[in-house]
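Both complexes shown next keep subunit A, but they swap its partner, so subunit B is in the first and subunit C is in the second.
So, the complex of A and B:
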């Protein structure tokens, strides 16, 4: 039981949790502020990690790799938004989910084997080196209290530090922007595009800005995620997008800390449920490999209940959703 | 506003030339498939006056309104605002040029507070640029000015006590008031009101009418679409009647309804009934 508690708390600050929190910050620019239904955030993440990993693998410096990751995802956002942002919201959802799947299928296709490594992806040792070389921490396991991570490699204290610093920076950026007149225009668009048009704002341009920025934040989230694992196209399929949506709604859309809280709650709940199920449900009823889907199912049910009975999420303002007519 | 009636020498006929037109439209045609919704040969709106656009249901009033504000595009035609062509100009640019509209179905931004609704209506806020948004010192002063103007307008429209409430919690009539107040934030030269009285209770109607008259006295030009003949008679200086997409009559409010063509088109078989009762249907 004590071990389980340590595992749950440990999950709260892993790079994966940080990466999903950051991806949700990006989605918060789309949905929380602007009301854009981006159903392809995983596609932005995957493009970001491809851009980063391939640049590093080909010998580029880290700063260039980050720029490439940002540039690729921003161009992707421009291409997606160009035809769809003139249409009603639902079309963007259809286009983004399809486009994200296209990115994944192209990434795993044999034709691009030399570039993306097809379905195998790009292994960690091909692109993590330069990042890990920057680590000030020792190149061995380091215990801090009950938590043990490697100092430098893969899911390391170094990556945890960098990941959460980046999350903090983007939360500050989100807070600054969402409380600025720029953010006010986006919120207006979320409520009623035509009203904002009638007040002299160029709605299309604002929606494009939100889509591109949110996607770029997603790309950085992808880079963080891949530095803790590897570049693997199938890990960025539809479920990833849906998890990001889930944890954003759980934490509270349009709130500043909602994405972080949502990500922590989501991943900790998953570990907790899996741990408890392993303890209490005998192997004959549910085998070890069935535990993962079972716990996801329970998390799903829990979240459904939460969204039904607390639709504004944990941190949301009830009034912001109650008047949704 | 001068004491002189600007319409003194304007003939009561469709497409009449005005002394000082703020809007001039020529040969504007909008077709939906085989249906010609709007087919206006010539149309002028007098500056600093209240012009009413009336007509039976389906006359094309709202479509014409949308065309003039850039929300819809006609198949052909030219139209000027303040001497500048507005053909193919986006709704946002029409608004920035000084012509701001409201909607028949009120578009209050429900999940934003009343004061935020108001601030959004203001023009020239540099903080609406994404890069400037990072540097509050660039826009804080403007924000304070905007907020001050918003407070003044909210006082005037008796919404000041509601300023921190979400717009969605206001009554239908209050939302109409908010929409009108918000349109005034950018200090427009002209406001276009699409059925400002629709769904407003009688108590609020009076104050809405006063607000519109006050606008005129401050030098704002007003064009509004309305069904309520009482309102049209009370506040408008000039009435334009549309039917089946065309302008069939123009004239001062007292006499335009006497025009037989208007009676035929607008009243149809209900020739003898009081117009005010028609308005509620």
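So, the complex of A and C:
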């Protein structure tokens, strides 16, 4: 029981949790502020990690790799937004989900094996080096209280520090932007597009800006995620996007700390459910390999119940619902 | 939908088809000249090799469709071989399109009557195949959270019918306890869409939990293949084509000729007006749900037979193809979904001639994006403001 508690708390600050929180911040620009239904956030993440990992592998410096990741995802956002932002909301949903899947199919295709490594992806030791060389922490396991992580390698204290600092920076940016005149226009678009248009604002351009910025934040999230694991196209499929949606709605869309709270609750709950199920439900009824689908089944049910009964999430304001038809 | 299949719409669909056909033949001629020029320079190579180097050119990976019968000169072989491969792929595409249409017609009907883009429709396809497997397999199966294992092992016909009935039941349950309630509460369409995403995630993982992650075979029978001209057709495929065609025609007749069908189209056109003229909108929508998920289940079963295997996530992979087909045909237009599915099916199958088979779904998604760019209302949709 004690071990499980440690595992749950540990999950609250792993780089994965930070990466998903950041991806949800990006989605918050789309959905929370502007009401855009981006169902392809995983595609933005995947493009970001490809941009980063390939640049580093080919010998580019880290700053260039980050710029490439941002640029690739921004171009992706522009291409996606161009045909769809003038159409009804669900068209954007269908196109983004299709485009994200297309990125995944192209990434795992044998045709681009030399560039993307096909379905095996890009292994960690091919692109993590320069980032890990920057680490000020020792190159061994470091225990802090009950939590043991490596100092610099892979899922390390160094990555945890960097990841959460980046999350904090983007939350600050989000908070400032959402209260700026620019953010108020986006909220206006969310509430009533025609009203904003009648005030002389270029709605299409504002939506495009939101889509591109949110996608770029998603790309950074992808980079953080890949630094903790590896570049793996199949881990960025549709379920990933749906998880990001679930945790954003759980924390509360259009709120400042909603994405972080949602991500922490989501990942801790997953670990807790798996731990408790393994402890209490006998193996004959629910075997070890059935635990994963079982807990993800609960994620799906949670998403449904949330949207039906508490669409504003934990932190949200019922008057500020981002659902708009 | 005043006249659901106007002449202009027909002409439009025909034009798209002709353009697609022209493109295919053009690419075919380009390919076969490339093949002949290649083989002309390699005349000394033994004739059996010509059959092997053509796939390297086009990287077509249909394993069992390479049938070399008679060999005269290398040039002729390469040409007729490439041609028969294209024909085979177009044929496979039409079959795939018909089976896809079974699923996407339902998706389109649901969209038309309720405005919901149902992201859980893919899982309805898998559900049909999985339940059919559950009844038909001679392996021990069990129900989740119960420790008992048992063997059912019904013949495939029975299993398929039971699966379709059960799937229809899930449609009824869904509409009665979920979608109907949401509509009554006035929950918005976007919110309902996200609910359907949650449902798809839940169903997908439920199926994996229940049936397991392995690839399954519905039928152990080995397919007898016939050679019809340049095309190979299996027995089971022929049966699937027949069933799919009959079902699709009866759906069309239902929509076109019966009172209920007319009421369905009325609801699809304008729900409030339909309600005002005495149509029970809610029961029509319930009927549409039952029909749509039964069709999806049938599609899943036939697809499992056609692919000679199925998996818990087969529908999730098809969902985007369905959306592509439905968007191509015009959201909410059942006949559009049919035309769109055929186009998507042919494109997906013929694309394997030029691109690797791992990219075949990507081409369909490319089409989806291009359609939205050029003609967002689809082939059969009316030109109206969709923004």
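Assume the second predicted complex is superposed on the first by the 311 of 325 C-alpha atoms of A that agree within 3 Å, B and C clash if a C-alpha of one lies under 4 Å from a C-alpha of the other, contacts with A are read in each partner's own complex, and residues count from 1 in each chain.
Basically, a contact is a pair of C-beta atoms (placed from the backbone, for glycine too) under 8 Å apart; a residue touches a chain by one contact, two chains touch by 3 or more.
Quick caveat: nothing in here was measured; it's all calculated off a predicted structure.
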Exercise. Mind working out whether A:261 is in touch with subunit B, subunit C, both or neither, as first, second, both or neither?
Key: neither
Quiz item: Is A:180 touching the first partner subunit B, the second partner subunit C, both, or neither of them?
Solution: first
Exercise. Based on the superposed arrangement, let me know which partner A:202 touches: subunit B (first), subunit C (second), both, or neither?
Key: first
Quiz item: Given the touch rule stated above, what does A:83 touch, subunit B (first), subunit C (second), both, or neither?
Solution: second
Quiz item: In the superposed arrangement, does A:25 touch subunit B (first), subunit C (second), both or neither?
Solution: neither
Self-check item: subunit C versus subunit B, contacts on subunit A by residue
Solution: C
Quiz prompt | Overlap of subunit C and subunit B interfaces on subunit A (superposed complexes) | solution = 323-325
Exercise. In the complex, go through subunit B and note every residue touching subunit A.
Key: 69, 71, 90-93, 95-96, 100-103, 107-112, 116, 119-121, 123, 125-130, 132-134, 136, 139, 143, 166, 168-169, 179, 182-183, 185-186
Practice problem: Mind listing the subunit A positions that touch subunit C in their complex? | Solution: 37, 39, 82-84, 86-91, 93-95, 97-99, 101-102, 105-106, 108-111, 238-239, 242, 245-246, 249, 284-286, 290, 293-294, 296-297, 299-308, 311, 323-325
Self-check item: subunit A - residues contacting subunit B, complex
Solution: 176-177, 180-185, 187-188, 190-192, 194-203, 209, 213, 319-325
Self-check item: Touching residues (chain side subunit C, partner subunit A) in the complex
Solution: 117, 145-147, 182, 187-191, 193-195, 197-206, 208-209, 316, 320, 323-324, 327, 355-356, 358-359, 361-362, 365-366, 368-369, 372-373, 376, 386-387
